[in-house]
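Okay, so subunit A shows up in both of these, paired with subunit B first and subunit C after.
Let's turn to the complex of A and B:
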């Protein structure tokens, strides 16, 4: 008996050993070329066309590139963005912003060794916009942003011409989105051979197929959503990066992240608590970078009339909006956040009419409480138990998800609504939204390209489904759609004259919130990165992404 | 059961006499009484409700309104600590009772029936004991889901094996005693013998084990809650309160300190008292 047991144990041990020794050992000589990056976020989908989470984009941005890119950030509100060349060196806008012709950069290689040419760009965009593409990704949250492409042509190897359905002055902004990062044709062909989107997603993680300065070199460098190692791409067109390995680790606890950077155990981290900023600024070993980021945190209220949530009644939504008090939220950010009353954050151009607040936000506290109580009574939902979905891990705009959600619960209690908090993983939230099975959700949105369209369209607009019916888009947390709102979003987006466009967006803000109240905008938060002061040459762009292709360690 | 109550009463008298000479146990009883009082009278003593928030008064310093200030959510810390005693004790007690119940049943059955039943059950217990009980509890919560109720199950199940072993040892000792043989020869069923004759005689060690186990349960529950496995972080359980303070910036330090102190005092109380009980039962450590 004993011997049998011993044998079994020995076998188990033998099985165990190789499992422990798998990952890549970083040798001593390489250590100085390694940058250890701690992130507050996890990464779930490393397919640029399928992802919509900030956690993914930070990693995708190291591996993939688009035709144009956002400029480097300067602190303070961003002006109308000017796009910089990336994979395209030059572009021409013709026919009242209906035809865009890009000249491609020469000598650009994909990670798989193939060269960038016009056909590759065409093929990559086709995968994003074509329904039932053979290499279709798991989902395409940004397909609507590029849905107005009518035709893509490649007149020669270095030229790509996009013809749009209608004039679109913000097409460059949409082309700068991570969803429009170019994926190699070889990869798309390979993925087309696989029969499910999930398999394709896995394939693309193991075979990074961009043109960017870094890539996942081996399958075992990707260790789930918690950790991934990127290797420098020696054939990068901008020159091989000096830092040879980037090791990304997800670590939700802000204290541990801060301590590790202070102790030199990690070289780079994001999303530090504003209460720590003073100390970090004073510390000579650390560079703290903060800026007015383009984001908004908001409470979404399910407007879906086919669902039976109390929030489908506008009176309930108004009541909630009335009693939510932004002061304590902003207070928790130690001056690193400003209250928001409209959708478009104050940190970007267009929209946000000066000092304007929707009617629900202008009452005194007592008046708001009384009116809200009356509205809740009239709607007949007094004492209703409502679930509030919130993310488990902090987001850059939502540094204290549970604490702030609890404040909302406190604030809604006096008007007779019982709120139950339900923290969920970001991936789960992504799946929940299209189904719309929740009443309230506390989340936010980070702007990708400084365009109001990038807020209105994903958050409060819809797309036509197969049957030709309008339905809210996949990031529309409030499950709200109104054809007139849709029309006005379209109209504002097509207006080439900047001042007219600004007015259209302002009018839309001043009308839509009072009319429908699908969301309660709460605040816009500054963002932060901290890195060891030995690290130089980090570039942060107006899309809030950091780039390390020109980064190096000071001797 | 009349003999039993007489036995219990005489034991209590004996214990009271013993207590007079055992200082640590006195201290333990005092601490437990303090915590119990807090739990029982929280409703009368606490100036605020455990979930009652003062709007926009976060991290308020100690004052007459708020004896220990307010927490990150604007709730009165003192009141929450008082109510916290209720939650903490209730959760730990439930977990310990669950351990005791499961452990006693397994141990008694294994010890009484012996042979293959014993082998089977005790190898299962050995298997469970080969995992650190804290890890086992972590796994249990991961499977069951994060909530205080599940913490009870997790800690309760993880604590059962050690109880099972000790109860088995006790049952093995009693199994060969004359009164059990007498009961057997009278033709009593096994269940009746186990429940009416053997288990009452195991009661004293079970009580001691339970008391000692309470301290461990409180620590395990607090530890798991601190790891974020306690579900709703705003329930006034001390482990969750400690975690909530920890998650804040430096301003949460006070909350960490006071919740930690409460846990410390309670566990210390149970351990001192449990040690006293053990000394009382152990003939080597005192002269009867």
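Let's turn to the complex of A and C:
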């Protein structure tokens, strides 16, 4: 038996003669040409019009570009939204923000070799906004953001004109979204030949068709949520990138990502826990980049009068708002968060009333406790058991869901409310919200485009149902709707003058919370990226996105 | 023997059908709407309706099950709602990763576990026995996530001997594409490249060692107990009396006869590992079946879950079948009994 085994091993060794070659050709890249990027989230859908996850967008932003782009984060928040040229070098806003005309950049090539022109832009937008487009994507989560486009025209090869149904000064903000990244005309024609959206998506992954500095060079470079390798696009209009390969790997565990960046095994990562920031800052081999992101974490209180939850009584909502102390919440973030008292975060370019607090938030602790106890007694809900719904897993603005929910429980018990925590999956939460089957919910929101409308409309506004009746929007956790609030959101959203728009939103904040108190804003959390200190030229924009077209390794 | 094999194989068919039905129904009973996850927090009711219709989630449950089973009968498992990729294609990537890791871990666990068990049994109640038993106890007790992080920090972070995570350094090997799904085999037989092979093995080492600790400890304890029992047998005493060397007595006479319980333990543990080692795969960024299932559960992605449950159940059944058959190979008495 032993002899047979030895014979087999000897034969195998003889057969395997690596030194003599004979295997499939493979090349090894040089370390200096590769940036290894670890992402906390997965990459699954690499169609800009179909994707809504951060992991996908991080990759898409290296491969595709829009007409305008968000500005780079510099010192603190900007006072007005300032869109920068990208594929459009210039734009004109006419007819009270109803007509937008863009002049396109010259000499821009798509990855498939075709040139950027007005027809390509028109076709790309049509694929996003038309429900039954022949090259329809698998899903269109951002289609409603651009649904007000009535007509797209291409008067000449370098000019594209959008006519909207109504005036919309926020249109540029929406055009900066990743969903409005331009896909080549040739690619859209090819996708239209395929019979299912899934096949089209697969085709687009294997045939990257943007204008960005990187592309997927071979179908094998996309390995699902495991890893994606991007290759530099040598014909990029901004000049060929210096780093030739970007290797994206999905790594959910923050400890692993931190260790890999500290050890130099990875060159770039995102979302590190604030508790690790000091260590990372102290390490000379790592650059830690943190910024005040546009997000809010809040406690929503169900205002639906048709439900029998204690929170339908404003006295109960006021009492809860009075006794929530934000200090321990902020402490849990190791200083990487600031307390919030209104809906619009302080990081937003405008619409945030600085230093303003609703009346419930200005009381001393003792006064707040006494008043809250009285209100709860008057409302007749003393001893009521209230369920607090929270997400099972952390969110970028809610890093410690269970601990923070427990803090709320502890703070509400002294006023006579018994809080039961109920962690749920995000899919379940999404289903619960339109039904409104809960009293309290702890969650948050991340801004997409630097516009207050992007917070007010989904979170505290409503839409008309099939019967023409108003109902809270699907993301309106507080199930709150008031026609006057709706009117004021509409009015502010349509105001073209930015300083007047700013005032309208601020006035709305200073009125709505005292009047209705549907939510308790809790905090705005900072975000972070970390990269090897040898890496220079990284650009991070106010939309929380990083860009590597000008990045290089310092010698 | 053939009748026995056929009987065993046939018995698995209704079992797998029942598993497919149970997994299908259970998944549909779970609360939550997958379209919310797929579309993100910003989804409107209209977007959700459109997606539900495209995914076929608006069809009656029996129709959905029949569609699913018709896919399965063609060797397909439908499309993942989450990635829009064919589940069969995704499984072709995930399953080899899990099998490769499971084989490596079981090789380590079996070699070390059996050796420790034999050593402990040969010198019972000695210092060696105590040391081996302690190692086994530590192996069972150590939480995998803790050991994984420790191993990563020490061998990848401090000593920089091994990579932190993944199956290969894709950045350095940008043109690598797997023909077999098994990277070791690809490096060895397809590319025949020593440097690539070393990179693949380096990535495999830490997760395999970490994953092997629990099965290794169990195998060591079972080997010890089985060997202690066997070493008391008359034929072992006879072999010693005939002047056989201690190593021949232990390895040839005792170990072979002690193999059946050890083999059962190895097979059971291997079956578990085929189901995916979620923690190890998560810590080491290993793109295996365990992580695939967890990712699918997070977004209530039914097709990948149903396919994975079927596959894991089938793997268990197959491993058990092979174990039963191997008993006959190891123990000639069973062959004779079956023949009779």
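The rule is short, and it goes like this: the second predicted complex is superposed on the first by the 328 of 555 C-alpha atoms of A that agree within 3 Å, B and C clash if a C-alpha of one lies under 4 Å from a C-alpha of the other, contacts with A are read in each partner's own complex, and residues count from 1 in each chain.
Everything that follows uses one rule, which is that a contact is a pair of C-beta atoms (placed from the backbone, for glycine too) under 8 Å apart; a residue touches a chain by one contact, two chains touch by 3 or more.
Quick caveat: nothing in here was measured; it's all calculated off a predicted structure.
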Partner chain(s) touched by A:256 [first = subunit B, second = subunit C, both, neither]: second
First, second, both or neither for A:245, with subunit B first and subunit C second: second
Partner contacting more residues of subunit A (subunit B vs subunit C): C
Partner chain in contact with A:49 - subunit B first, subunit C second, else both or neither: neither
First, second, both or neither for A:174, with subunit B first and subunit C second: neither
Partner chain in contact with A:403 - subunit B first, subunit C second, else both or neither: first
First (subunit B), second (subunit C), both or neither touched by A:476: neither
First (subunit B), second (subunit C), both or neither touched by A:425: second
Set intersection of subunit A contacts, subunit C complex versus subunit B complex: 255
Residues of subunit A defined as touching subunit B within the complex: 255, 273, 275-276, 325, 327-328, 331-332, 400, 402-403, 406-407, 410-411, 421
In the complex, subunit A residues that touch subunit C: 16-19, 21-29, 31, 34-36, 42, 44-45, 52-53, 131, 138-144, 197-198, 201-202, 218, 220-221, 223-227, 229, 231, 245, 247, 249-253, 255-256, 259-260, 262-263, 265-266, 393, 425-431, 434, 445, 448, 458, 463, 474-475
Subunit B to subunit A touching residues, read off their complex: 53, 55-56, 58, 72-74, 232-234, 246-251
Residues on subunit C engaged by subunit A in the complex (per definition of touch): 31-48, 50-51, 54, 79, 82-85, 90, 93, 149, 152-153, 156-158, 160, 163-167, 170-177, 179, 188-197, 282-283, 285, 287, 295, 298-300
